[in-house]
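This report refers to the structure that appears directly beneath it.
Chain nomenclature is as follows: A, B, C and D, assigned in order of appearance, with residue numbering initiated at 1 for each chain independently.
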Amino acid sequence: MNMTFNDLLPLMPILLVTATAVLAMVVIGIRRSYAMTASITITGLLLAAVMAAILMPGTNRQVTPLLIIDQYSLFFTVIICAAAMFIAIFSFPYLSNLDDDKEEYFLLLGIATIGAVVMVSSTHFISTVLGLETLSMSLYGMVAYPLHSKNSATHPLEASVKYLVLSAAASGFMLFGMALVYAQTGTLAFSSLLSAGAGISEGYSIAALLLISAGIAFKLSLAPFHMWTPDVYEGSPLPATTYLATIGKAAMFVVLLRFVEISGALNFTSVVVVFSLIAVLSILAGNLLALLQNNLKRILAYSSIAHMGYLLIAVIASFFAEGTISIEAVTFYLLAYVIMSLGAFGVASVVSTSKSEFDDIADYQGLFWRAPWLAAIFTCMLLSLAGIPLTVGFIAKFYVFMAGVESGLWVLLAALVIGSGIGLYYYLRIVYCMLTPATDKTPLPFSGVESLSSHSVLAILFVLLLVLGVYPAPVMAIIETISAFI
Amino acid sequence: MILVVLIGVLFVGGVIAWISERINPDYPRLIALVAVLLDLLLMVILLSGSAGSEAQWLASIDAQWMPRFGISFYLAADGLSGLLLLLTAFLGVIAVGSAWDEIKDRPGFFYFNLLWTLAGVLGVFTALDLFLFFFFWEVMLIPMYFIIAIWGHENKNYAAMKFFLFTQVSGMLMLISILVLAYFHYIQFGTFSFNYHDLLAVSTGGELEMWVMLGFFIAFTTKLPSIPFHSWLPDAHSQAPTAGSVILAGVLLKTGAYGLIRFAVPLFPEASLAFAPVAMTLAAISILYCAKVAFAQSDIKRLIAYTSVSHMGFVTLGIYAWNEQALQGAVMTMLAHGLSAAALFMLAGSLQHRIHTRNMQDMGGFWPKVPHMATVALFFSIAALGMPGLGNFIGEFLALLGAFQSNITLTVISAFGLIFASVYSLWVIQKIFHGEFASTNFDDSQLTDLSRREMVYFGAMMLGLVWMGMYPQTFLDMSAAALGGLLAGSQELVTSVVQN
Amino acid sequence: MESIPIEHGLILAGILFTLGLIGVLTRRNIVFVLMSLEIMLNASGLAFIVASARWGHAEGQVMFLMILTLAAAEVAVGLGLIIQVYRRYQTVDINVLSEMKG
Amino acid sequence: MLDLIWLLPTFSLLGFLSLVLTAGTLPKRIAAIIGAGSVGLSFAVAVIIAIQFLGSGEEYFVKEVWTWMSVGSLNAGFSFYLDGLSLTMMLVITGIGFLIHLYATGYMDDDPGFSRFFAYMNLFVAAMLMLVLGDNLILLYLGWEGVGLCSYLLIGFWYTNPENGYAARKAFVVTRVGDTSMAIGLFLLFAQLGTLNIQDLMYAAETQWAVGSGLAVAVSLLILGGAVGKSAQLPLQTWLPDAMAGPTPISALIHAATMVTAGVYLVARTHILFELAPTVQLLVAWIGLITLLMAGFTALTQSDIKRILAYSTMSQIGYMFLALGVGAWSASVFHLMTHAFFKALLFLASGTVILSLHHEQNIFKMGGVRKQLPVSFWSFLIGSLALTAFPFTSGYFSKDEILLAALELDGPGLWLWMGGVLGAFFTGLYTFRLFFVVFFGDNKGHEPTQEVGGWNMSWPLFVLMVGALLAGFIGLPLDAVFGGHGEEEHDVSALIHGIMIAAPLLGIGIAYLFYYSKTFSVDKLMASPLAKSLHKFWFSGWGMDALYNWLFVYPFLWLARINKDDLVDKLYAFVVVLSRAAHAMIVKTQTGYLRWYALSVATGLVLILTLGVLL
């Protein structure tokens, strides 16, 4: 089946993002201008987000076997493009005084976004791999970006190498699994493994499923595939970390969700067991690892491990309960998680610069009295990560609890409770550190240019955090409708 | 609508107070005072307006909130809530007063937290949608955490953290229970609902009901607190600033008891019936054990904290006896203890403010130096040991009287708490105010008698206690209708179950 | 003509894959690590070929081409990084990259 | 006028309030006027009411002032119940109370805490009136606890000395034990009979419970617990001697005349219950007897003037309990009244002595002061005579009643009687030992210049002397209360009468030989080791204090000490330790070595694959 003109409209967001990247590339080719490249990227992403938002109601179209543009994928396209735009805005001041070429960064960012968008709208192995690798490739670059700068530490290099090697291996797992599945089903599109089980042992298909799951689990940094996360998070420049932590995770999770739902993987009890095990392990490992950690980026890395564990609970739940609550749970949680992490990392990157990053908790001592505004936002983001009411994080956790209760996953819920309990501790540690009066009254050295834009982004995120925390009803409604498409 | 105003005033007032600090650091406390006074006024109007009316619900508002889950913004107040609202507002005023001079740094943020805590508490006392209830339940924690963590004493981080973790984790268990209820409503009636009245109709059968009930029970007894979930309280209290302790002891603990009365028992009548012996045993243990531990303390605030646990034991006892006298007793104890404990903490606070120690070993013979304070302290410790004619007696007497009708053994055991209470209360007086004046251990230059303003607060609380003690009918009548309704409801359910 | 049963192909691919994995685990020289990764990727590529041979359509080969490009890209980036590593540490021993831990 | 009965407590309460609220700012005169005056007013009102009530010929009179609490079936009001019994008590309290207040205005003259003292005293009177006038047990309990509180406050009045504080707390806590048992009794009564109004209770009990029924026994036992606590009878008697730490007027008012007899009042008030439980009633008798004997022995060994009087109080109340036990209700109340007179007299007199000797309380450091302290001397003489039931003093009549009643009781009656007589003998002995040692012989140390105190201290003594002598001729209007058997004529042989008169005289005689004429020497008697140890034993009050310390106090303190920082908290501390350990352990896996990470990924893969395929 070949593409018709009507397919172009649904594809607009992707095309826009691609155009942005290309344009940026061209512009760099013509004349290096940091501000220019940045603004092009930002506008492009904004346009894409808006476009996706406009298309969202009433679009549900399979464009070639590779891409499915339905409300669900568009919803996430919006999220991803917006998030990417925010990250771009954060990156601008952060990189502004990097002693190296800065423009390509935005190029990479744009390309990575393409990959992410493709991932969320793919129900086909090829497009998945395509998107995933586009994303990863550009992420390697983003992670290693400040490589040449003398004053930025050796960490980016190390982080990048680690990430590259391991994630390549993980891709290997995934690809091999896909191959096995393909060998069994005869199609590269996501499809149920139950129907085509003819003549081949169940163990085989389980193995195939688990290989793919392992690959995905690695990208989602789920235990026991989580170990790379803290190092990469710590090593990368903050905007890259942010990207990795938000868009990277969200896009990957959408793929996981679609794959699990379509392939009916959870019909195999053993797969359920393994997933549950992974979830519990991630929750415990993530929270325990973060417990006494002093490096902010590592803490957030570990906490992201735990959060992915929480999300996995909802995925498992989706199999047991009728109705789409668990899907909605995943969706809302991802939305919430993107907002929270953007906020948390955003504050960090606002106070940091490519020269010197403030990623030790101690750096934030007395922030409450030195920069109340930032501190307030940061606190709310952390509380939201901890799942305290008035914030979106609470609603998200509420969803997960609901899904868990609905499916009666008591063990997982217990893990969830314990994990959140431990989690509170290290989130509050940071908060308390911000509360304790600073020993030195010197204000935080803000990043190269004290940019209003990133502050306004923080403000937006803050508002989102509270609004979605206090009156989520409209978003709930949207999510309810789009979740029907999974 | 008035309920929304009640809560809104505090939320808004808090924000204004915070901002106003930029203009003038004296504004926040004024604004806070105005806000709480306004609330108090509104409540008096609300309650006096409904005095004598047989209607169970004095005021209510019900608006859609999250239709997806049948969650609605449903506030309503009956006599029971009314009393507790009154207590909250009253102690709010007291707390602002006690912070008036003590809180010097960052007053704006302090009063913001204070008012928001109070707002959360009001919400808890009026929310009839379980989601909303949980929402407020958690909302009141964070500002409290800040109060302890910022304005607390030497070991504030630990205390604040402990307080937060205990309440949070137990809260999550309650959340699960709430969700199970809502889900069962979905199963039995086809729609999600967190509405209190709807959920009353839900019957989670047998084994599960006990577990679900336990979710609530643990959350509430952690807040109450009761053995074995009490150990956060001494730390929180000893570290919190005076105003914090006042709110904590006076109001926050009462939310737990309120939860038990309003939710834990009525929602799960049979399970509660089966569980009552255990709960009452826990209560008895709390009463005796914590009275004993209290006696051993040398830090005044720790001591008072433990006595609080001991006194709240009577509340649990009364609640799980679940008959009219017992419930009224529990409510009276909540009110009376709210005043007496708050007052004792204020005294401890003003002592610490003056001599910068809470260690009783360093004190002694203060009576001649601070006669007024001594008299006030004497009054409140007498109240605490349950002297007839003061509120605490009415509460504990009724609670025991009621409890006796449902469980003789445990009531008799708990009654020994009266003896222990006299032991520690009198010991405090002896140690601090009697004996030879011990000024060697601290700088007593600051040791001045209560100021006129302080006397006003204490006077007000004394009056309150005497009123409760000499003419409790005012309060008994107010809560009678509400409690009657609860009793009747659960009675029906139990009987119906027994019949089926 | 007698065609090779699919299982054999897959098993071969599996063996290759495992070898690659073992290489990644055991080698300390980053270059060799990269090569092992190549082997892993290509093993999965082989598996695709075998599978597509079974169904007799092209999707598998398309995937294989993609894997090739992917592998190429990986190596490109990887080698770039390796050069940086060598510049900085004068060695390609992978264990030097262990400054972040805990 | 009867309706104004609520004025009685109100006056003293107002006195209390005005004294507290002014917080010692008032000049002494005013404070004294308020303090004593309020009680005086109450007395005046009491007299008027008494006249009216007796004139009206009513059996009882009830006045509800306001509803206190009404919860479901429980309905307790602030309502006063007046009948012969409460009338008697009311008059005793206000009358003797007034005298003691008057006396105190002199006695406490130089004390800084003057107005605080009177505040407490007034509060006490108010509470005590509540106790005797309350028509329901809760109100009675209010007064009951109130007097306990005042007793605590006044024993510890001189707070600078920790020992006083200890005595005060001991008094409060020990009585609280009794109070608690009484409270439980209340719960049981309410649970069973559904009311706490005394008269309804009595009626209901009479109609619903059979004689000797388990419930009746339980209830009366519990109430008895309260009674023995307040009235310092076995086994809760240990607090009374220490309570002498308070100022002497307190000892007179609270620990002799009024509060300690509250137990007697309580039992008399609820006598129906005891009649329903004969075993318990007999127990009351035995408790009384044993207490009076033990106290007698102990009194014999004490050297502190006030402690001697305290123990004698204990033993006199023992007589009252004996009377209650044998069902001689009016006799016990009668003895209560006479005892109030002569014991108040004795205490106040001893107060004068102590004050004149600059707060010397050891009788062996006194002696031969009858010249300098004539008033005290005469007061003491009359008081002692009354106490020892010297013929035709007030004490004689009341004690006579009791012993005869005991004798009439078939069964153990004879034993009880003999015990009582023995007690009477000891009473004579220890009383006059005290008397002779203090007022005769030669002075050892303190040479008093002249007797302290003006008219306000001497007049009360005179009045009380008259009372102690003549109170025996008063007839109490108790027949209506106790259903008839008031003072009927006992017909017993002259021999019995002889013995009963002889016993105390014999005691007095021996005291005379030992302590006045010194015909026999105490020291010789004390020479023998047995006597020494016996003396030691009795002196310590039969070692009860030590016993209780070992049984209750030390264990409690020990428990408190070992568990100062709350065992339960350790549990949570352990959780913290656990998670920290877990963290320390798991954080080691983050080695930072790429190959290790790769290994973990590989193993993870193998793990899940095996798991997946095997399951």
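In this section, a contact is a pair of C-beta atoms (placed from the backbone, for glycine too) under 8 Å apart; a residue touches a chain by one contact, two chains touch by 3 or more.
Remember, predicted model here, so these are calculated numbers, not experimental data.
A.B. asks: Would you mind telling me which chain pair, C-D or A-B, is linked by more contacting C-beta pairs?
C.D. replies: By the number of C-beta pairs in contact, the winner is A-B.
A.B. asks: Nearest chain to the global Cα centroid?
C.D. replies: B
A.B. asks: Distance from the CA centroid of chain C to that of chain D, rounded to the nearest Å?
C.D. replies: 96
A.B. asks: Which whole number of Å gives the spacing of the CA centres of chain A and chain B?
C.D. replies: 43
A.B. asks: Quick one: report the Å distance separating chain B from chain C, using the average Cα coordinate of each chain.
C.D. replies: Chain centres of chain B and chain C, defined by C-alpha means, are spaced 65 Å apart.
A.B. asks: In whole angstrom, how far does the Cα centroid of chain B sit from the Cα centroid of chain D?
C.D. replies: 37
A.B. asks: Can you list the residues of chain D that touch 2 or more other chains?
C.D. replies: Each of 587, 590, 592, 594, 598 in chain D touches at least two other chains.
A.B. asks: Scan chain A for residues touching two or more other chains and write them down.
C.D. replies: Touching at least two other chains: 161-162, 165, 169, 230-231, 293.
A.B. asks: For chain C, jot down the residues that touch at least 2 other chains.
C.D. replies: Correct list: 21, 24, 94, 97-102.
A.B. asks: Dump the list of chain pairs that touch, please.
C.D. replies: A-B, A-C, A-D, B-D, C-D
A.B. asks: Under the stated contact criterion, what part of chain B meets chain D in this complex?
C.D. replies: 162, 227-228, 230-231, 234, 292-293, 295-297, 323-325, 328, 365, 367, 371-372, 375, 382, 387-389, 393-394, 397-398, 400-401, 404-405, 411-412, 415-416, 418-419, 422-423, 426-427, 430, 433-436, 470-473, 476, 480
A.B. asks: What does chain A use to touch chain B in their complex?
C.D. replies: My answer: residues 369, 383, 388-390, 394, 398, 401-402, 405-406, 413, 416-417, 420-421, 424-425, 428, 431-432, 435, 471-473, 476-477, 480.
A.B. asks: Touching chain C in the complex: which residues of chain D?
C.D. replies: Where chain D meets chain C, its residues are 587, 590-595, 598-599, 602.
A.B. asks: In the complex, go through chain C and note every residue touching chain D.
C.D. replies: 21, 24-26, 28, 94-95, 97-102
A.B. asks: Which stretch or stretches of chain B touch chain A in the complex?
C.D. replies: The touching residues are 64-69, 106, 131, 134-135, 138-139, 141-142, 145-146, 149-150, 157, 160-161, 164-165, 168-169, 172-173, 175-176, 179-180, 182-183.
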